[in-house]
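Letters are used for the chains, namely A, B, C and D, taken in the order the chains are written, and counting of residues starts over at 1 for each.
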């Protein structure tokens, strides 16, 4: 019986030509994909097939055709064994209001295969890690949205899973709550050593937390690659001054640099198309000569949004410019 | 990580050490479906009796457990009083068969109120998605709840019989004889309480599984227990032809009464079963069919319910 | 904490703020939307505590932690909640118990509030009829087209995805061409493409002169769409106006620049000498410079770098984005 | 699916000119919506079954031939116990509380409230539909069951009486429970208690409760039409019943309008 394979060697999740049809719609269309351990972002438009894929990986939904293997298990046929090693956090609140966090998470632990004593011990530990102090003994009904999301994360890691599936974990949280939850997810993935697949619409979060990305659209794989490839530097240098943008633009053009028409807040930034080398010193000296207040010098960077931006006219100028220029530069420091 | 388990020596060893209280993995045994099933079963059992819940949740279960037990105690007291003063013609002191017949109504109340409590909350607050993403199948969830409610009802039904037996044994000096007589009843007692528990819990959960709002579910369960009885009664009293007699098989109360009659080997007392002239064994078969049928409906519903 | 920071000049409420508390103040004439000394409490829980602001044309972001009072303010503006104190006025008339005011207001509530058996078009037309428009069908078709639901208009809303349901609600709120649009968490549950389209739609409507107020937790969206923000912290108005101006006013908060240069250590030595710099930190291959004079330092930096023959590879103002501004306001 | 940029900038202000639609059409719109929402719900279909029950049983009784014309015991069993005691109040309770209650619960009431229409119009539109549906369900059921159980001259009068009485009863039930739903979120529970305890148990014991028992209005009106002139001591006087029913409807409607006009989000709905 295939036990949980050593997470570091074989791919964690292997999907081959996976298809899932619903009456009238093809949710997944011959998807082929390998996911290695790490924090993997899963992005896609509404209805792209994200939650269908998560359900199939959990063994809660049978694939119409194709092969799926998670940590050596076939989810649909060996679901109950697999799910002892998988944690799941749904995108909607799913907690009963009349029990305390301790009671609920301990029961959840047992339902995932932990003996009663181990479940109780790990519950206390895990609730501390997600930052629930003495409220853990009060009924969940009285918790704030932030605390509820933490309990939902706790119930997903109480049984020390090898793989954690998170569906929009920061849904409904305010900015402070979102930062804390992202910090927790990052710690869970790095410090706790649990592989994570994180489905989300908030691309800023995905860029901040994930080291790999899988983009699907219309049930098909759009692109799967390490995050660095998605946010590689573009061939554009953005220079921003507190005021006097037009004189700066004229000055830079005078020094032979190719200026693109404004894309950002037009009144403050100048965007320079880089043909080969990056003229850092030319920019510095021009601004110094003109005595303008320089507040930003930044290499343009692809963003995940470009995946979704294809049909928006406003962006075409920037995209066209980027394509022409290979992303090189005299001192390619770490893409901070 | 330095092992700090043993006695910290006062000698030249390290004066103090910092232990890693960070996240620890778990490499102990990981149990399977059976453990998950028993966890849900125990949880369901506690919930049925309102243990671990607010006081309000304990009222109905306490009421349903106490009353039958009190009636049994009264009967034993009556018996004691009669034998003490040598009054023999107190009329037939109700024994196990009568107890089995009369206590069924409390089972109905308990399941009608507690079945929605066991199922409704997990559906309304979408907790099912957390349950189904664990080491159990959807059927396990439904069967665990059925087993929990069934066990709770059976325990409640058995209590009065136990009291009667203890009473009977204590009342006479001929302990062995009393024990012998009582032992004769117990196969029927076990059969009757198990059947009543399975049938009432099954029907109640099968109805509650389709109705999310607790108030409507309770009313619907009472309806399912009561309305067929009314219809059967009206139709049968009107003697609308032989076929209509079988309508009585829809009325769980009367069917269980007939089943008890078969088990205890007595004539069906209450209800309209005698009027129909049907064999009591048919009642037994019908009761079993209802219990199994409702169980299948419950499991099928939870195979497809949206999580 | 610095002495009481005044509400930024040039913002509607400034004129009255100085007028002191007790005296009844008059509504600003001609303001489309105004709150004047508004409070709202439930028993001893004070959800909104003496807030005053006015809204002109354009998009305003309503920000605040969970439970800060954002929804309460939106509901009072939409006449669905009675202010416990003060006046909530739409075009000068109170919005509470005044159905006439709904000719000018379009509300997009956060909760799912569309009958699932209606189709998208039917829902829009229903709103048009209840607004007593002369030609409900035409108005409904136009609203459906505006939000881009034309090809799904004949399907029941129950079959819509969350993003499409959100746009159906907006169509319903737009059908009578309101001059004021109130949206509670409009981006919730939308995927990036739908969010981009929604931002463009709201932007376009703002350009038509409508007043748009929307609450949101996704600060990246607010920063790109809203010229102005209203930050509410536990029922109090913490800040109002362009968030860059608000950042400037935070004199108690130093401005920080992150620099990557060809020789960080030499640049650090040079910069420490400049009067506006009061802190330099070298960590992880990057230079963090703290300055009290944002513009002064920015003007001096290029010259200093050139004289020291240090190339500026990467320069970014940190703590200038809305997220940082919001973070500071929430902690005060 | 990109947003077409061709939104014609009609600019702020009412779209197009022309007279605003009349008050009546607004009520019709709300009424149509309410009818569609009430009938679409599974619960309402159960009520149809409940209404068919007395007719079916009356038919079975007629089929069995046992009950001779005017056999009191069976008629009262079906008409009183099934129709007047169970069918009418339950239908009134479900339609009355759901007419606006459903929208309060799932949040769809909001888009009704943020419209430039008087709250009275909303109440009237919803009541018209709720009462209409209830009466359309109970009156025919009462009439047919009554006619089957007691054919012939006197029977017909009895059937008409039953139909009229249940129609009035349903109207009062719906209106009262509609207002109750606007006063408290727990209207359903309170309604059930009123039907089972106040009208069920107490009415039998305490004379005084009859004055406030809607069931008595129904019975009084039915009896008056079935046997004109016969004074029945333990029945309310028909004139009193009619007046009390009218008062109940008016008072409930006024309460409903006042409650809806001061309705605040996050208050009455549970």
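As a convention for this text, contacts are C-beta pairs under 8 Å (C-beta built on N, C-alpha and C of every residue); 3 or more make two chains touch, one makes a residue touch a chain.
Here the structure is a predicted model, which means the values were calculated and not measured.
J.: Just the number, please: Cα centre separation of chain A and chain C in whole Å.
T.: Whole-Å distance between the two chain centres: 25.
J.: Centroid from C-alpha atoms only, then distance chain B to chain C, rounded to Å. What do you get?
T.: Comparing mean C-alpha positions, chain C is 57 Å from chain B.
J.: Rounded to a whole Å, what is the gap between the Cα centroids of chain C and chain D?
T.: A distance of 47 Å separates the two centres.
J.: Two-or-more-chain contact residues of chain C, please, as numbers and ranges.
T.: In chain C, 200 touch at least two other chains.
J.: Listing for chain B: what residues touch at least two other chains?
T.: As it turns out, chain B has no residue touching two or more other chains.
J.: By residue number and range, which residues of chain D touch two or more other chains?
T.: Each of 2 in chain D touches at least two other chains.
J.: Counting only chain pairs that touch, give me the topology of the graph as line, ring, star, complete or other.
T.: The chain contacts form a single closed ring, each chain touching exactly two others.
J.: What is the complete set of touching chain pairs?
T.: By the stated definition, chains touch in these pairs: A-B, A-C, B-D, C-D.
J.: Please name which positions on chain A make contact with chain B in the complex.
T.: On the chain A side, the touching residues are 58, 60, 79-81, 83-86, 88, 90, 92-99, 103, 107-108, 110-116, 118, 122, 125, 129, 152, 155, 159-160, 191-193.
J.: Which of the residues in chain B come into contact with chain D in the complex?
T.: 215-216, 219, 231, 234-235, 238-240
J.: List the residues on chain C that touch chain A in their complex, please.
T.: Per the touch definition, chain C meets chain A at residues 64-67, 161-164, 188-196, 200, 217-220, 257, 260, 262, 285-286, 294-296, 298-299, 301-303, 305-306, 311-317, 323, 326-327, 330.
J.: Which bits of chain B are touching chain A when the two form their complex?
T.: The touching residues are 22-26, 28-33, 35-36, 39-40, 43, 52-54, 121-122, 125-137, 307.
J.: Flag every residue of chain D that touches chain C in the complex, lowest number first.
T.: For this pair, the touching residues of chain D are 1-21, 25-26, 29-30, 33, 36-37, 40, 106-119, 261-266.
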